Amino acid sequence: MTGTREPLLTVEHVAVHFGGLVAIADMNFGVHSGEVLGLIGPNGAGKTTAFNVITGFLRPTKGEVRFKEVSLNGLKPHQVTSLGLVRTFQRTSVFQDNTVVGNVLIGLHRRGRATLLDTLLGLQRETESEQELKEEAWSILRLVGLERRAFDLASALPYGDQRLVGVALALAAQPTMLLLDEPVSGMNASETARFIKLLGLIREQGITILLVEHDMPMVMGVSDRIIVLNYGRIIAEGPPAEIQRNPEVIAAYLGHGARRVHHHA
Amino acid sequence: MRRAFALVFLAFLLTLPLWLQDPYLLHILITTGIFTIAAMSLNLLLGYTGQLSLGHVAFFGIGAYVSALTTLGFDVDIGPWTFVHEPWPVMAGFVLAVLISGLCGYLIGKLSFRVRGAYFVIVTISFAEVVRLVALNWVDLTQGPLALNNIPAFALSVPGLGEHTLWGKVPNYYLVLAVAVAAYILIKRLVGSRIGRAMVALKENESLAVSVGIDVTRYLVLAAIISAALAGAAGSLYAHYVKIIDPEIFLFIYTVTMVIMVVAGGKGTLAGPVVGGLIFGTLPVLLRSYLGPEFQWIFYGLFMIFIVFVLPQGIVPAVEQRLFPSTREPPPEALATVEPAKGEPQ
Amino acid sequence: MGQFLQHLVNTLILGGTYALLGIGLTLIFGIMRVVNFTHGELYAFGAYAVFALSMLLGANFFLALVLALLGGMALGALIEIVLLRPMRGADIDTTMLVMIGAWIIMQNLEMLTWGGVAKAVVTPFPEVPLVIGSVSVSYLRVFVLVMALVLIAATYFLINRTKLGKAMRATFQDADTAALMGVSINRIYTATFAIGSGLAAAAGALLGPVFLAFPTMGDLAALKSFAIVILGGLGSITGATIGGFILAFVEELGAGYVSSGYRDAMGFVIIILVLMFRPTGLFARAERIG
C-alpha cells in the first residue's frame, strides 16, 4: 500500500433519484479496514437506499462506489458479494423453509469446490467439498451460538434467533466487510446484548462493519465512527460522543418528532 | 427408512416382468416410465427453481425427432445447399437428442430468464407451438403430418458383445427403467448438492440468494439445460419405442400431463414425479376403455384444480406428514455425522 | 404495391380484434396479476355463441353479437368468483395451474359440444366485396373493424372516465392501498375479469363469422394474446392496442411474403425479438422482479 491509503470502501458523489424524488443527494464517505461505522438518520433519510447502491441492488444515478479500490459500478449484486462485500436485510432475511444449518450451507455457496460434473457423477471431490462445507457451517453456527437449533426450520425460531441466522448466512459468504441493516430492530434487551457480543466476535475476525441501526444506545456503543444522514445528505460525521452533542443532529431527530436520539426503538 | 422404501420399490420394479407377462400392461408401464422421466425433468425446473415451463413437451418432442432423424437419415435442401445425412446408430441418436434438447433449453433459458415469471411461461408455451409448426411445415425434413415411420428400435452396442437390438417389451421395459433410475440419481445428486441448494434458495428468496453470492441467472439456465436434456432423453426413448412420431407429439396437452404428474405427486420432492407419473401414466388407460379422450382431459383439468385447492403440496409430502408427523423436515442424514466436533480434521 | 395495400387493409381488420384480445388479457394481468389461460377459450366461446344464437336459434346476427359479449362477461365473472376468489393471495404460479385446469376443461367441453367440424356463420352482409382501386374487402370485415374500434374506445372510456375505471386504476397501482381507501377489491376483480373476458368473447364473436368457429381456435387465440401482451408490455393497455396491430401486420407480411404455414409462428418471433431487445415490452412498466 502506498502513502495515502484509500479506505476499504469509498462512496463518492453518489446520488440516487427515483423519478423526481431525490433519495440520496450527494453522498461521500469512506469506511476503513477494521472499523465499525454506524450509519444513522431519521426514517426516509436514505440509509437503506445507500445499502442497496453499495451492494449493487440499485444503480446510482450519479457517482461511484469502490471496494478494495475496485469500482462496483455496473456489477451485479452476486458479483459484489464475490468481492467480499456482504449485506443483510431489514426484517427477517432467512430461508424460511430451510433448516438453520441448511441456511448456512446456502450461504457457503461460494466456498464449494465441486464442479457440475463432480456433482452429477458423485465424484470424490463432491463428497470432500460437501464435508468441508458442513464443517464450516458448524463452526459458523458455533460462532453465532445456534448449534443447538441447527436442525430446526428457520421459520420455527424466535425472532431474535432468526436475525442471528441472517447474520450467520452473511458470515458464510466470507465477507471482508459486512453491511448490517437494522440488525437489532425488534430484539429485546437480552437479545440485543447477545448480538453486541457477537458483533465483537465478528470484529475480532478482522471483518469491517457498516451498520444501519435505529437503536441509538446500541449503535453509539459499538461504532467507532458515526455518519448521520438526513434527507439524502450527510449532515454530520464523527465519533459517537461528538455526534450525540451535535446540534444539527439533535434538530434533525427532533424535527421528525417521534424519534429522539436516545429513544429506544 | 426412505432409502429402504426406495430400494423395495426398485426391487419390485426390477422383478415385475418376471410375473407380469401381459404385453399390453408392459406397454403401459413402458410409456408410463417414459413420461415419468419427462415429469422428473420438469420437476427440476418447476419444483426446485420454481419456474413453470409450459412448453416442456417441446424438449421431449425435439429429442424424439432428433433421435428419429439421426437414425433414419434425411436429405434436405436449404437454399442452394443439399444436406444428406446417412443413418447413424441409435445410441448416437440418443446422445444427440440429449445434447440438442439441452441446447434448446439453454437458448430458451438465456432468452427468458432475464425477465422470468409470467414471461418464462409464455415463452416456453409459444416455443412449443413454434416447434410444432416447424415439424408440421418442414415436410422435407419431418414428413410433416405424414409422420416419421419405421424408426429403428433401440440397439445397445456393448464392446465385445456386439450389438443388441431391443425388440420385445421386456428389454424395452428394462431400458426405460435403467434410464429412469439414472435420471433419478442424477437429479438426486444435483438437488442434494451446492447447486441444488442454490436453486432452492433463489426460488425461495431471490434477493437473499443473490446477497450470498449466488448467480441467479446461471443456476436457472443450468436447471433449464439439464431439465431439457433429460426430457430429450425421454423423447428419444419414446421415438424408438413407438417407432412412429408426428407433430401431434408437441400438443400442449402432453405438457399439461407432465405438469399434473409433478404437481399431484409433489413438486420439489424426488418421489413426487414418480408417484404422479405412475398415477397419471396408468389412470388414462383405465379411463380410456370407458370414456372418450375429451372426458379424460376434462378429468385432468378438474383434478388439477382439485389438487391446487385441496392438496397444494401434492401427494408425497401429504403422505409423509401423515406417516412421519414428527420428522417433517428430517435432517439430511449425512449431516448428523458431523456433530459439533471441535478440533481440526486430521 | 397493390398487394401491399391489401395487406395493410387486412392488417387493420385483423389488428382491431387482436387489440381487443390483447387489452382483455393485459387488463386482467395488470390488475389481478393472473395469467388468464382461459382467454382463448372465451374467444372461442364468443364465436360459438354467435353460431348457436344466429344459426341454430335463428336470432338476429347483431343481437347475437351483443349476447355473445354479455355471455362472455357472465362466464368470466363466474370463473373469477368460483376459481379465483378462493385463491386470493396465492402466488402467481398457483393461480396459473388453476387457470390451466380451467382452460383444459373449457376446451374439451367445447369439443364435446360442437365436435371437430368447423362451423360457419352466415351474416346479413352482402357477399360481394367492396372494391376500391386494387384493394378489395368484404363489408363484414369493415363492420368487424368498426366494431373493434368502438369496443376499444369504450374500454378506454370506461377506464379513464368512469368511477369503476378509477377504482380499477387505483387497484392497478396498489391493491392494498385501494382497499384501505374503501375500494371493494372483490368487486373490482370480478368486474375486471368480466370485462377482459367480454372483450375476448367479442373478438371471437366478430372474427368467428369472418373465418370459422373450430375447437382449437382458442389455443391459437391464447398464444396470440400472449404475444401481443408481451410485445406491448404486461399490464399496458396502450401497449396491447398497438401490439395487436403490430402482430396482425407481421402475420400478414409473414404469410404474404414468407410462408402461410408459419403465419401463426410470427407471434413467437415477435416475443423473441422483444425479449432480446426490450424485455419489458414496448410500453411497459417492468414486471417487478424479486
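Lettered A, B and C in written order, each chain numbered from 1.
Convention: a contact is a pair of C-beta atoms (placed from the backbone, for glycine too) under 8 Å apart; a residue touches a chain by one contact, two chains touch by 3 or more.
Everything numeric in this text was worked out from a predicted model, so none of it was measured.
Participant: Which chain has the mean of its C-alpha atoms lying nearest to the mean of all protein C-alpha atoms shown?
Facilitator: That would be B.
Participant: Name the chain whose C-alpha centroid is most distant from the C-alpha centroid of chain C.
Facilitator: Chain A.
Participant: Would you mind pulling out the distance in Å between where the CA atoms of chain A average out and where those of chain C do?
Facilitator: The computed centroid separation for chain A versus chain C comes out at 48 Å.
Participant: What whole-number Å value describes the gap between the mean CA coordinates of chain A and chain B?
Facilitator: 41
Participant: Could you give the separation in Å between the centres of chain B and chain C, each centre being the mean of its C-alpha atoms?
Facilitator: It comes to 33 Å between the two C-alpha centres.
Participant: Can you list every residue of chain C that touches 2 or more other chains, as numbers and ranges?
Facilitator: none
Participant: Got the chain B residues that touch at least 2 other chains?
Facilitator: If we look for residues of chain B contacting two or more partner chains, we find 207, 210.
Participant: So which bits of chain A are touching at least two other chains?
Facilitator: Residue numbers touching two or more other chains: none in chain A.
Participant: Under the definition above, what is the set of chain A residues touching chain B in their complex?
Facilitator: 55, 57, 76-78, 81-82, 86-89, 93-99, 101-102, 105-110, 112, 114, 116, 119-120, 122, 126, 129-131, 133-135, 138, 142, 147, 150-151, 153, 169-170, 172-173
Participant: In the complex formed with chain A, which residues of chain B make contact?
Facilitator: It is residues 186, 189-190, 193-195, 197-198, 200-201, 204-205, 207-216, 222, 329, 331-332, 334-335, 338, 340-341, 345 of chain B that touch chain A.
Participant: Which part of chain C faces chain B closely enough to touch in the complex?
Facilitator: Touch list, chain C to chain B: 29, 35, 83, 86-87, 92-94, 96-98, 100-105, 107-109, 111-112, 219, 223, 226-227, 230, 234, 259, 261-262, 264-265, 267-268, 271-272, 275-276, 279-280, 287, 289-290.
Participant: Given the complex with chain C, which residues does chain B contribute to the contact?
Facilitator: 50, 52, 54, 111-112, 114-119, 121-123, 125-127, 129-130, 133-134, 136-137, 206-207, 210, 252-253, 256, 259, 263, 292, 294-295, 297-298, 300-305, 308-309, 312
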